[in-house]
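I've put the structures underneath this note.
In what follows, chain A forms one complex with chain B and a second complex with chain C.
Moving on to the complex of A and B:
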């Protein structure tokens, strides 16, 4: 009995510092946010109870609705693109090769570096005379070369596969050994054509696309709530860039656990690589997909840093998210803080995150059971 | 016939094997090439930003990969000029006794008579933004420039507006001397104006920072830079230019120190408190365990935007007035505030709990027989075994604290000295980004990323373990 009691006392002594922190900075903080969300409070006068009025006002606030639209579009696009992209990349790279550690470090680099550093670098690349517009210019100028390369590549591959099939070997259109030969042929072929002067880069005016200071929304044909402002797309690209490699490595780890005999058996039965991707790869990595989508949704719905750093380089309405809206109402600069209103928006964000994560959980579970 | 078939079959089988081996090799080759391409893409922005942070103007168009700052010949010249300017081959400068010799070569097409350029030391601010508000000494007030003297003349041809033109190359030499006594100045700017548009600038001892007015003016930010001063111009500016208005200390240094202090303090508190809490949750039996575990899961799900409102008020009031015990009325704008509110995270406790559950109980039971108390068993038996988990936790906590943006942005606002690196960089971006002065921003960003990258490269193994324990923080 004495021993038991001593164990209980020891346990609470061990837990005490953590419990105090948890109680003050999480439990009390959450409870207070809930309470504030039902009050009118500006930090200087005592809060007054106003019931659900803050929540009702949220949906009359134009900026809040814009922030909600931006957050939802951002989360939907970024989560789906990065999950699918990471999975495709992982299945392309799914090979037991040496030296993976070096590449792993390279792939982790964007996600371990702080979002501030990455955002500053991207902001610099999005300038009108920045790297992105330069690369677009180069791409447009070199289109003839790229087109020629693809053409020669396809032709060489088709010819080779047909020759092998004529010899009675069953080879696939994507056969890697033949592809290597085709790549060599395409590279030398294009170089030769350039040297002969038959193909040359075009002269194009430097691309002057405005990524930041613009109110343009794309795609223009879509209704308002399905469009995304160009600066928000700039942030999407950046976010996808930072998270794709990490998620790719998570998928890769899961894929390396899938026995290669599955793929060999499917291959013998005549399944194409695309079929193998949909019928073996996707079901096999389903638990990782769940984790990746959850992490992605939480991260994107609460996106804040990028908006704060883009700051006055972009129109606020085009990039504002729910998280930034809350901060903005709490610290509105020259005006009085709207603590109650900000709290209501914060509760809305928390519930929205919870609901969306639960919904996707149902969805992915049922997919997996099929 | 009966002999030929097995032979043919064997040959066929050999061929198939060789064919399969070829395919395997090809596939591995393609995978390596793709991996290399992917890592280039994902490292690309960081590498290109690092390279461009050396440029005087990182927004130059078209962007070049061959940066003059990376040419060893220029390093040697810069070191020689730095020695002439202030007997400082590394960091250069302009000090009493300086005698800097500088040469410029022009091309005068046939039909125009070559004439010396007019060379002056301009009064120029080092950059926009924060640096522009500080009082500085101008090199122009102490320098005297000798008239340009012709030292060499030879005929040749030069490409002017796409066509080759015959003419004369003329090289002029000027000397910039420090007059009398005075302070040591950090840089020596120079402007060389050609006598006419027809006379084309060709080259100079160091390449000009920029050519202005359609090539008429060759402008130099610093002609006595020293080798390091030449290569790391922007890096020097990061430290030198942005200074606190009140104390005059370098802001970037203060921010770095603050970031290190906060990260180290958080790592120490997290290691100790999370392993204590994790141990209790994993090993000890007590009422309320399930509730605490639920709270941990709940705390991990609450967005920072919900809790920051109350936490801001709690810090403003000095944690219910407790801060007055050590004489502070508020914990806003104090590093202690940032550390206290983030002493130990629920995620860290979760990681440690998971780890301690994986250690067999027998190890501890052996110690129990020896009659040790709970704390001794924890600190002498269990904790030393937890080294891999503690390693992972150290990396994750340090990285999280170092990169944290939202919470320091809320807590640390004034004065500028109290900020951490990430929000300090935001100050840089607001002060310099609007004037297009990106060199300094990029240099600051690159430097602030270094500690985490070093930590990651050295302790990659621990980092990956941390991801596998906690599932990562996204």
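Moving on to the complex of A and C:
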């Protein structure tokens, strides 16, 4: 008994640093915020109890509703794209290919780079005369060359596969060995055509797409609450670029645990790599998918830093998220902070995150079912 | 041995009280280049006098969002004894009730009236302006000479100014007439020239007033006609960059551009002049940007803090700041300072900016309780028009709607 008690005390002693920090900076702070959310408080005058009025005012605030719409669209798009992208990248990197470690390290770079730095770099790339518009211009200008290349490639592949089949060999349309030959044919063919002057890059006006300073929302045909403002899409692209590698690492760890005999058996049965991906890989990593989607939802619903750094480069309404709305109300222009109102918005964001994470449990089970 | 101990005790008794008597006054302000300037002030101008009175200054620069940090610090009781009060966020900072009214403590009559107005609420003075800035036209003489175009002058009205810019931009596709950001902090000066004011008597704002629309169309028209370019479109961070890299012949900025040009384009031959006048009123318009020193109402060393504030805004301090080309003083008496008579581009630039405060319709860079959020709808409208996404009527209707919502919200 005495020993057991001493063990319990020792355990609490080891836990103490964490518990104290948690109690002060989390439990106490949250309790204060919950209390403030029911009051009219500006940091300088004593809070007055106003019941649920802050929460009611939230839904009368146009900017809050825009922030809510932006947050939900952002979370839905980014979470689905990053989860799928991470899984695909992980299964590619799970193959035995030469230089695998290099690719793993290279793909992981965006995740270990500071988000502030990446955002600043992306801000430059999104300028009207920035890298993205330059690449789009190059793509449009070289469209004839690319089109010709694809045409020759397809023709060469079809001819080769038909020849092989005429010889009685069963080959797939995407046979890799024949594809290499087709690539060589297409490259030399297109180069020859360019040298002969039969195909040439077009002269096109530089693409002048406004990524940041715009109120445009796409797709225009959708109703307002389903549309995404273009600057928000710019942030989505950047966010996906930086988060995919982190989640890829989790999927990669999960894939190491999938016995390779499954894949061997499947290929003996004639399953294509795509079929293997959908029928073996996806079910096998189900528990990790649950983790990735949960972390993704929490991260995206509370996205703040990128909006803060994009700052004045974009119209506020187009990128404001719930987390930024809270900050915006906490430190408004040249007036006293609306602490009560901001706390109410914070409580709403916390509840929303909780509800959405609970809801997704219904769709993705946290246990594997292979 | 005993004598040594006695001697030591005696020395300790003499020295220690002197150290105790040193009152430390904490001072909070911007980061960036300000810590170096304040340090030089302490070392070279005011430090000895204050030390003789037993006061030492400890400068604490705030590198991030100044308003957020100061609001938190004032609320938590950790703010410095003396701190900056930027003009545009002054209403909010003063509304905290933590800024000491200076009536009777400091002589305010020596400072420029339009600057004092920014910090006076209901007859109480809450800050002493440390310096100020206005906008002026800065131009590259070599480019104008090469293009054979007359330099911009204070007599130009908008159309004469615009003709000169167009003529310059014809010379070389890589050199633009002027570098213009989509920023109300620049464009607003043109609206002021037309007699427009940010707020109507009832506290509402009208961005569809013809006086505003005309200025808006002139400003954005410079970009859409090709005489002007937005800084970001030539890879520049701000118009000063365009001017320094000779991508544009003109930039409309304040005296802050002078130090930048000194460091980044030391050989640039440039001149400066007042902003062009509106054809409708014959007047120019301008913003006054200012930052003041204020005292913490909860400060435990208010007497010492008042002495520090007086030292920081004293004639000798302002003389030093002016002669070093750091900022433009807020004391009326310094108008006749010999510094302004020097024939260097820098001294002349400072003089133009100084004169800008008294030419035409000049308003403080301050937007009531909404602060700089006031500018956001107009900035967005400018951007949309400058990039050809909408016409000015549509853009301004949208901006008006957003601004009205913003103002209503702040009054709730």
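The rule we apply is simple: the second predicted complex is superposed on the first by the 323 of 370 C-alpha atoms of A that agree within 3 Å, B and C clash if a C-alpha of one lies under 4 Å from a C-alpha of the other, contacts with A are read in each partner's own complex, and residues count from 1 in each chain.
One rule holds in what follows: a contact is a pair of C-beta atoms (placed from the backbone, for glycine too) under 8 Å apart; a residue touches a chain by one contact, two chains touch by 3 or more.
None of the values given here were measured: they were computed from a predicted structure.
K.L.:
Once chain A from each complex is brought into register, does chain C clash with chain B or fit beside it?
P.N.:
By the criteria stated at the top, chain C and chain B clash after superposition.
K.L.:
On the A-aligned overlay, A:44 touches which partner chain: chain B = first, chain C = second, or both, or neither?
P.N.:
second
K.L.:
Which partner chains sit in contact with A:61 here, chain B, chain C, both or neither? Use first/second/both/neither.
P.N.:
second
K.L.:
Can A:210 be said to touch chain B (first), chain C (second), both, or neither?
P.N.:
In the superposition, A:210 contacts chain C only.
K.L.:
Between chain B and chain C, whom does A:334 touch in the aligned arrangement: first, second, both, or neither?
P.N.:
In the superposition, A:334 contacts chain C only.
K.L.:
Quick one: classify A:312 as touching chain B (first), chain C (second), both or neither.
P.N.:
both
K.L.:
Tell me which partner A:127 touches in the superposition: chain B (first), chain C (second), both or neither.
P.N.:
Both chain B and chain C are touched by A:127.
K.L.:
Could you let me know whether more residues of chain A are touched by chain B or by chain C?
P.N.:
B
K.L.:
In the superposed model, only one of 240-248, 258-266, 294-302 or 384-392 in chain B has C-alpha atoms clashing with chain C. Which one?
P.N.:
For chain B, the listed stretch overlapping chain C after superposition is 240-248.
K.L.:
Residue by residue on chain A, keep only those touching chain B in one complex and chain C in the other, then list them.
P.N.:
Chain A residues touching both partners: 43, 127, 129, 312, 330-331.
K.L.:
Help me check something: in the complex, which residues belonging to chain A touch chain B?
P.N.:
4, 6-8, 10-12, 14-15, 17-19, 21-22, 24-30, 32-33, 36, 43, 89, 92-93, 95, 97, 101, 103-110, 112-118, 120-125, 127, 129-131, 134, 169, 175-177, 179-180, 206, 241, 243, 245-246, 250, 291, 295-296, 298-299, 302, 304-305, 308-309, 311-313, 322-323, 326-327, 330-331, 339, 342-343, 346-347, 349-350, 353-354
K.L.:
Along chain B, where are the residues that touch chain A in the complex?
P.N.:
Listed in rising order, the residues of chain B that touch chain A are 19, 22-23, 25-32, 34-36, 38-39, 42-43, 45-46, 48-49, 52, 58-59, 61-63, 273-274, 276-277, 279-281, 284-287, 292, 295-296, 298-299, 301-314, 319, 341-344, 346, 349, 374-375, 378, 399, 402-403, 405-406, 409-410, 422-423, 425-426, 429-430, 433-434, 436, 438, 441-442, 445-446, 448-449, 452-453, 456-457, 460, 463-464, 471-472, 474.
K.L.:
Residue numbers of chain C touching chain A in their complex, please.
P.N.:
65, 67-68, 71-72, 74-75, 88-93, 95-98, 182, 232-235, 366-374, 376, 379-380, 383-384, 387, 389, 398, 402, 405, 409-410
K.L.:
Can you name the residues of chain A that touch chain C in the complex?
P.N.:
So the residues of chain A touching chain C come out as 43-44, 61-62, 127-129, 208, 210, 213-216, 312, 315-317, 330-337.
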